[in-house]
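There's a structure below that I have some questions on.
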């Protein structure tokens, strides 16, 4: 499966569509156990991303993901801004100079993104954050060694739903303690949207 | 009809009963076109009045009404405090030294009370204040030259209801302009209670 | 009704105790009264400046007691004018022999109670002057009616009369300065929500999710007109235009601006209102000497705001800029 | 949602314009940013002190920009941490060569964004130190979790770090003083009503007519526990006892007290809360050096309050008492 600048742009564009559509839903998830801005943050950031990358021409994936990263860092704010910003920054480093990435290279780049999220947020699996989606999804892809993006998206969905059962230990929901149980983590939901968009961009 | 210290005390006690019962109603009237404290003000003041005069012995009506007046002035506040306070102060002057008042004397004292209200508040008939009850009631009693208190109380009720149709020119309701039409003036309502209590104290 | 209170009938007392406990070096509560005075009252050689009214307008009026503003504030029950005996205690506590100015907001109750107190004080040989503030342009002005209300513009009267009194001016001078402020200050307010007098237990009026009251006072009473909700810009325009119609300012005139929150309005929204107000004044080439944004004269937990404009000249500017050291206004 | 706003998506910009227009002699907005700096920034020979966070906490943080407190405040979207590029602009604008202290409230987002900015600033050769405020005892403290939140006690950090910076102290000294405040300040809050983020359009949670949230933060999120409404005395007791459990004060210890309104609470109610707080402290023979009652760190139009206690020693007292000239805090 070829993953070049065009595919990457399509990924972002589909991701943005999902996020704009689910803006209210993401915000409601965040109102339940956070501060009710996750949908607003993500919608603001990804809208800027698609506008930014639409007009520009990119020689390689690295420079495209650099722009995506910088835009997210500067526009999202909150916790998700630095986290997703760092994720895409790590992807841009992993894909620097590459016009196209094969399965292995893209998986490695996504792996770097996960490492970035964990380095920035210092969260581990089970703490009710986006890591609870990213980590099992990357485990799956790492094992498969091929970009089974549809299965990855389904797994992301399942893991997102699983965050309902967790008690938050990191992020804003941690302040709620046990009251955080029973609600889906908003960042896990937006992470699911990213994996779903990737699947659609590559296979849809 | 004999009107002595006992009758006067009974008047206040019945008036207080009415006011405590109608506290909420008076406050609601004041919420509609004023600031929602008339029932609270009157209830606070008359409660103090009955407590104050219950224990004391009075040689004459003048000293009783002086105490009533001073208590109202110090406890009611708002517009109604100085108005009723001045009314009873004028009564105390009119009845100074008298152990009992006959019809003519009591009517003259009530007339003095009305003069006090008008001097203090500078309101005339038709401006949607307690004067719209007091003035016609006193006209009636003045004409009859006898204490037809039941009829006076009925007239007070009618005149109180009539204030509904007036546009306020004095007092807090004046700020509402035309929006004050359609509501009974709270001070007229409390004035009606005073005349009703007087009738009950003397005839009930 | 959800409030941070104990007994609805004792809110004023509880508040005054909490206030006196918070500022022992600034304020004293006169024992057995609801009067708050400067800790160093009476101040020698200084005209006493006394204001007050119903409670529920905090920080007005006790928040303005201190150097350069009020010597005493008389605190009535919630939205109820204080009684003459209380006002008299305040007058006596602050009079140093130079006389006392009463700053009264134009409400029948306040005017009558303060007047009765003035009469009692005069009878005790104290020189008393009165100034009645009626800055609210929402209400039609007329000598045949109660006339205009006093609202947030009153704080400018406190500031300027207080500053002049602090300099040792005579009662006549302080009174004249206060009257000059009254002649030059105009205000108008609006509400997004009503408020609830604790002892009444329910709101003074009701407003739909898309309604506002325009021309509101500060006692939880309905305004002049109920209208549909508008943008902050439109609301600022409505209020400011009504004020400007009444004031007739000219290019180059200098003003002080107050954007006053009524109790529950986030400061954020007051700044948003000020954005439009400052733009409009700039467009009209009216010079803003100073802007006050915050809660100066509230109406319990009412959401909404009022705008006040004070037209300034050199002497008013000097007094407005003079030092003040009170809880709610420091310079 | 009824608010005095124009477009819900532009409230922060509108607010900052209105604020800059109100205080042209005090503040400047850095062009193209949501950063408010002292009009005279960078101040020569002085460590820069920068704070910030999401908007909606007004007067925090821009209200504390000025002599003796902050050099800059970085204003994020409502309840959303500002981004690193904005924080970087603030750092660059206030650095006079002596370095910059970042005062960060302990939220994952704030910490990460400010840290990223610090890294960028260091890369540009600016010396940056950070202090993370976590005064909220409602949340269990643990190194395995996010830890405690920073709430109203942060204002004491601004005051004391700012006072020391104003005296020309080094970055290390200013940082140490700020950390000392963090170690000695504890807070806890409660809410009577939720609040509504303008762009979200509906309240963050719901509360029945007889319910309150205890252990609330300042971002419209639910608290630790929902309970039945209680009296002001009981609520004060709950909050203060939780704070005292954590602080372990002794007889004769000196404290500063802050009774902070969350946005829609009438000042009257805050004084009523202070009545109980001052009584309890007196009973425990803890000496109150100063009491702050008002809105210092709000949560839009949330009704409720927080209580903060800062344990003082001579050096903290000196810095707390030092002059400050900001919009929201003057000394």
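In order of appearance the chains are A, B, C and D, and numbering begins at 1 in each one.
Definition applied: a contact is a pair of C-beta atoms (placed from the backbone, for glycine too) under 8 Å apart; a residue touches a chain by one contact, two chains touch by 3 or more.
Which chain is which protein? Per UniProt: A, B, C, D = phosphoenolpyruvate--glycerone phosphotransferase.
Everything quoted here is computed from the prediction, not taken from an experiment.
Visitor: Could you tell me which chains are in contact with subunit B and with subunit C alike?
Guide: none
Visitor: Using mean C-alpha positions as chain centres, tell me how far subunit A is from subunit B in Å, no decimals.
Guide: Comparing mean C-alpha positions, subunit B is 75 Å from subunit A.
Visitor: Using mean C-alpha positions as chain centres, tell me how far subunit B is from subunit D in Å, no decimals.
Guide: Computed value for the inter-centroid distance: 54 Å.
Visitor: Roughly how many whole angstrom separate the Cα centroids of subunit C and subunit D?
Guide: Going by mean C-alpha positions, subunit C sits 29 Å from subunit D.
Visitor: If you average the CA atoms of subunit A and of subunit D, how many Å lie between those two points?
Guide: For subunit A versus subunit D, the centre distance works out to 31 Å.
Visitor: What are the residues of subunit C that contact at least two other chains?
Guide: none
Visitor: So which stretches of subunit B touch two or more other chains?
Guide: Expected reply: no residues.
Visitor: Determine which chains touch and list them pairwise.
Guide: A-D, B-C, C-D
Visitor: Would you tell me which residues of subunit D are touching subunit A in their complex?
Guide: Subunit D reaches subunit A through residues 54, 76-86, 107-109, 112-113, 116, 138-140, 144-146, 149, 197, 199-200, 202, 204-205, 217, 219-222, 224.
Visitor: Where on subunit C is subunit D touching in the complex?
Guide: Where subunit C meets subunit D, its residues are 2-6, 11, 14-19, 21-23, 55-56, 58-59, 63, 192-193, 209-210, 212, 229, 231-233, 235, 259, 263-276, 278-279, 291, 293, 295, 298, 300-301, 303-305, 330.
Visitor: Would you mind writing out the residues of subunit B in touch with subunit C in their complex?
Guide: Residues 27, 31-37, 39-41, 44, 73-83, 120-121, 127, 169-172, 174-177, 179 of subunit B touch subunit C in their complex.
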